[in-house]
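Step one of this worksheet: look at the structure below.
Per-chain residue numbering starts at 1, and chain names A, B, C and D are given in the order in which the chains are listed.
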Amino acid sequence: MLTSELRPGGRETAPTRLDDDDLELLLLIRHFERNLLDLFSAGKLNGTTHTCIGQEYVPVALARLLDDRDYVFSNHRGHGHYLSRFRDPAGLLAEIMGRDGAVCHGVGGSQHIFRERFLSTGVQGESLPVAVGVALHLKRHEPGALAAVFVGDGTWGEGSVYEALNMARLWQVPLLVVVEHNEIAQSTPTTLQMAGTIAARAAAFGVEHRRVESADVNAIRGLVAPAVERVRQANRPLVLEFATTRIGPHSKGDDTRTEEELRSVRARDWYLAYQKVFPDQFARLDTRQREAIERITRDVDARTPSRWEGSCPGQSES
Amino acid sequence: MLTSELRPGGRETAPTRLDDDDLELLLLIRHFERNLLDLFSAGKLNGTTHTCIGQEYVPVALARLLDDRDYVFSNHRGHGHYLSRFRDPAGLLAEIMGRDGAVCHGVGGSQHIFRERFLSTGVQGESLPVAVGVALHLKRHEPGALAAVFVGDGTWGEGSVYEALNMARLWQVPLLVVVEHNEIAQSTPTTLQMAGTIAARAAAFGVEHRRVESADVNAIRGLVAPAVERVRQANRPLVLEFATTRIGPHSKGDDTRTEEELRSVRARDWYLAYQKVFPDQFARLDTRQREAIERITRDVDARTPSRWEGSCPGQSES
Amino acid sequence: MPRSERIVENLNAALHRLFAEDELVYLIGEDLLDPYGGAFKVAKGLSSKYPDRVLTTPLSESGFVGVANGLALCGNKVVTEIMFGDFALLSFDQLCNFAAKSVTMYGSRLPLRLVVRCPVGGHRGYGPTHSQSVQKHFIGVPNLWLYEMTPLHDNGAVFAEMLAREEPCVFFEDKTLYGQRRWVDGDDDVFRFDFLGERGQYGRATPEDVDRPDCVVIATGGTAPLALEAARRLFLESEIACHVLVPYRLYPFDIDPISSLLERADHIVVVEESVAGGTWGAEVAQHIYGRLWDRLNDRIRLVHSAPSIIPTAPHLERQVLVQSESVYATVREAIRD
Amino acid sequence: MPRSERIVENLNAALHRLFAEDELVYLIGEDLLDPYGGAFKVAKGLSSKYPDRVLTTPLSESGFVGVANGLALCGNKVVTEIMFGDFALLSFDQLCNFAAKSVTMYGSRLPLRLVVRCPVGGHRGYGPTHSQSVQKHFIGVPNLWLYEMTPLHDNGAVFAEMLAREEPCVFFEDKTLYGQRRWVDGDDDVFRFDFLGERGQYGRATPEDVDRPDCVVIATGGTAPLALEAARRLFLESEIACHVLVPYRLYPFDIDPISSLLERADHIVVVEESVAGGTWGAEVAQHIYGRLWDRLNDRIRLVHSAPSIIPTAPHLERQVLVQSESVYATVREAIRD
């Protein structure tokens, strides 16, 4: 069977205990992004930013299943992806604030990040075929490594997703498509933008699919690890779909969902669950991360503006 | 069940008797296109042309299931589609030869034909979303009419196919996608360009699918009529896949298949089957059509070059 | 400048009027439904009033422009919203190879009433894939008309013209204009506003009573405020008199309404936000050189953004994008040379 | 003209050499496998020799350019074949918003070695969606370089340069050139062939011993044969001496190697097959006006196809497309005016 639902540890079950490192990473991302929204409200940021509040556990769960040889393609909602890989809140915040030490010198901003084998862009769906090319290269030259792409449910409207899946399966490349299915795209509920299911769309191309209902980091790892390993070992593309919830706005202050919807969405927050079940560990780490982010913010805010070598580069005429 | 295989009257069964009109239409298309290949060899045509030799029965079977209110979107391999709708070999030949009386004044040529509600273009996949727009209009303003799009199997590589299916299903529009699955795209066998199946690709979007193995015009009609009717009445998009065979080259003289493949493909020609089973009817109509095409060719060839009002139009400045 | 409606209000009202007057009008694009009303709120209120004719789509820029083409093929009047003009590149095939070609490639005229709206331009910190001025890429497709929103023209009239054309149009909307107020009701402290051409094709700002300008500055709608600011400084500081001309149609470029003015000008500057290379400005220059070769006193000078992607951080973005200072400096340089 | 290899052979040989010399080279596109070897046979023999590095794809112009981008991202050297340049419009986003942007938008230089090959142009009766000259649409994207095959330059050298650039390049190939023979080995009966620029950027055809040309004709690779034919007639009929210049790089336009020649010319004509509007020719003119304003005797004249889609029937196609006669007439007109 190519598709299956992975239910154990579903959203309603109490979470299992995380080691400090995992919980800390979750909280780092949460406080990093809450802080971004605050900075926006305070007029300290411009442009746009998309927070993954509520979805942080997806990249955190996957972080230990990925390694440095893997390429990761992130999208507009990428802070969690980046922080899970590099634990570099200062570099990312500097990027978003355009300060010295920015990972991309302030050029890319929230949506366009590149570091080692991590790359994000703001054009939905564009990364999938690119990741197929990368996966093909890895299969030939670095067997065992994979290319992972994070996409939202709404991005499955784009034709390039299907062009990519087709080639990925035809050429049997180690492609891991991580779908953060939060039932919404900007302001549009999934019911208005997606016919059928992601499971069936993977099956359409003979691509394996797993749907994960759980938000329990430990449980998720246990459930998906074998499938991810198969991507590496057997060069079998995999679509890994997470049923998740976007608790924050699409970008800033643009949430048009009803209070009722928002209440139901907030009730499913992992933050509350861990807080409730593991109060001591939670309180200790929560404070530590909150303070760390405060410190980093003061530090980054005080830095000089980022400098960019190529700020007026021109095409080097020759 | 959304998908099913329609087998009765499969390719190996002897065909049932056609009325003269159907058989004549089949033979009209065949002789029309054989003649095109001859004209090419004789250097009387330039550019390119794609014959549907072997596939003629698909549009012929559908012709009586479509009516004047329906839009038909054809593709590069469109002579059969056009002739089945309009029975206008002279207008089409004039178009291809660039002579007076050409349906599009010689501007569009073999691949770009427009007449009433029939429209073809040479960019694969482009017509599908357009047909969704048309189907949406029909649903609202001419209920009972549908938009039909002919595409090949290779065209399922294009992302626009999936963008279109998604919207067609979301909006429940009367879209009929006719797939002429001849197991090849230009020179590339389907195994090298398509992962999974068309059935599963339709299912991925919750779109109904039927696969037809039969080449028997009567049988096909009986099998698919109810599904086509449902498209009209219930505004349910449908993918109707025909397992078929391209007997001729992709365009002219560019067939790179092996002799063995070609032999097996030719053995499945409806032409031979009807000839064998209904020799008298066949001989009578075959001669008639062959002669008709010869006559038309002489006539069209003798005409003056087509004239195009807008031959140097410019954007009417204003 | 007198208080007037914001440009986004004018645009929104134009769409409301279109919908009210004509049942054939559709709007199609992403996130259009109320209360969201589109990423830049241009669609506000439409889906509530006309739920059947506002189609919110999946993320499918190529697909929904195709759907728009299909609706137009059936005789409808279709307005399409691409959320960011950068993504119009995803619909290029539908626009160029279907919409524009269909008008003539079947040997007789096939009318298509279609307007594809593209928010463009930077200054908002949206970064390299959400800030481009993509006008240049669409220039020179037969039967594809390019328009741009301006602070002077009423969008209702412009939309009426585009749809009456019965050929596909792309309408560029500089994002910085949405929140600005229209230049209407005659004058501000320095400039008089009027229109040139039978249909007012060119909005114009002139210092009062200057008929023979030192410089004519032709600017796209999006860069018009920058050009005006530069012109104001030049006049107040040094009595350098610029006429700022702002066309609502970019392509085909229509030189007739302004050619006698251009003849009288000592210098001509063309301003656009795009980086150099195959731009609208070069197209405009080409037309002027062709028509007025014998009468030109000076070469035509183009003002562009720096040849670079558009960075996200505001201090970097500022270094790259055209600013009022670039216009100012170019006019000064022209006069000094 | 001396007997030489056909241009398609030269191009095919160039690819064979690339593959032989470097294991990082890939070719990706539709219908590339032997015995077919691509729609225009440019890939002949490659898949047999290098089955792992020739990727024949589904019909997915956007997708496979994306795959090419991914391979390039990993350090490979990737040549992509779009079957007809018209379909490159389907890959516009991958080319402009991914490939070109990635080189700089991450704040430090990301090298990408990518060449997208696009057969372009008409004269073959392929009709409106298979005959366009789409060069214009790709001009002016920072870090996207445009090249075009010529009858003078060795494709091996051009490909080496493009890949060494480490930025994405589009290489246009006029279909009418494939079957023609290269202009090599010095001279034909009227013209001498040489190269201008350090790297021979401009191929040149000159009537023997004419240093101060009546007219410089700058032509794209695809229109070069038409320009040469016109130049021949002008010389033989009336001793009008044209220098025909053919650059292998279209954009950015490099004026340096030819600017002193242009200064000496009485007239300048630029030839391209595209319809007018935002074209390469306008870009070239813009550069020349900017640099040589004080030295020009005449305006620069552009030769284009008629502003129309490209019809299929040969007698109609001929009326629309640039012909040698259009070049001839334009030079005559320039000299007469």
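The working rule: a contact is a pair of C-beta atoms (placed from the backbone, for glycine too) under 8 Å apart; a residue touches a chain by one contact, two chains touch by 3 or more.
Chains and their UniProt names: A, B = Dehydrogenase; C, D = Pyruvate dehydrogenase E1 component subunit beta.
Small disclaimer: the values here were computed from a predicted structure and weren't measured.
Where touching is counted per the definition, the chains common to chain A (Dehydrogenase) and chain C are B, D. The chain with its CA mean position farthest from that of chain C is B.
With centres defined as mean CA coordinates, chain B (Dehydrogenase) is found 45 Å away from chain A (Dehydrogenase). The distance from the centre of chain C to the centre of chain D, with each centre set as the mean of the Cα atoms, comes to 31 Å.
The set of chain C residues that touch two or more partner chains comprises 57-58, 60, 62-63, 86-87, 90, 93, 97, 104-105, 107, 127-129, 142-143, 252, 307-309, 311. Shown for chain A (Dehydrogenase) are the residues in touch with two or more other chains, namely 102, 105-108, 112, 121, 123, 156-160, 163, 166, 170, 192-194, 308, 310, 313-315.
If you draw each protein chain as a dot and join the dots that touch, every dot ends up joined to every other dot. Chain contact summary for the complex, chain C toward chain D: residues 62, 86-87, 89-90, 92-93, 96-97, 101, 104-105, 107, 127-129, 136-143, 251-252, 274-280, 282-283, 285-286, 289-290, 293, 298-300, 302, 307-309, 311. In the complex of the two chains, the chain B (Dehydrogenase) residues touching chain A (Dehydrogenase) come out as 156-163, 165-166, 168-170, 192-197, 200-201, 203-207. The touching residues of chain D, when paired with chain A (Dehydrogenase) in their complex, are 52, 55, 57-58, 60, 62-74, 76, 93-94, 97-98, 102, 104-110, 142-143, 145, 167, 252, 254.
Within the complex formed with chain D, the residues of chain B (Dehydrogenase) that make contact are 46-48, 97-98, 102, 105-112, 121-125, 154-159, 185-188, 192-194, 254, 256, 305-306, 308, 310-315.
Within the complex formed with chain A (Dehydrogenase), the residues of chain C that make contact are 30-31, 33, 35-36, 39, 56-63, 86-87, 90, 124-130, 306-309, 311-316, 319-320.
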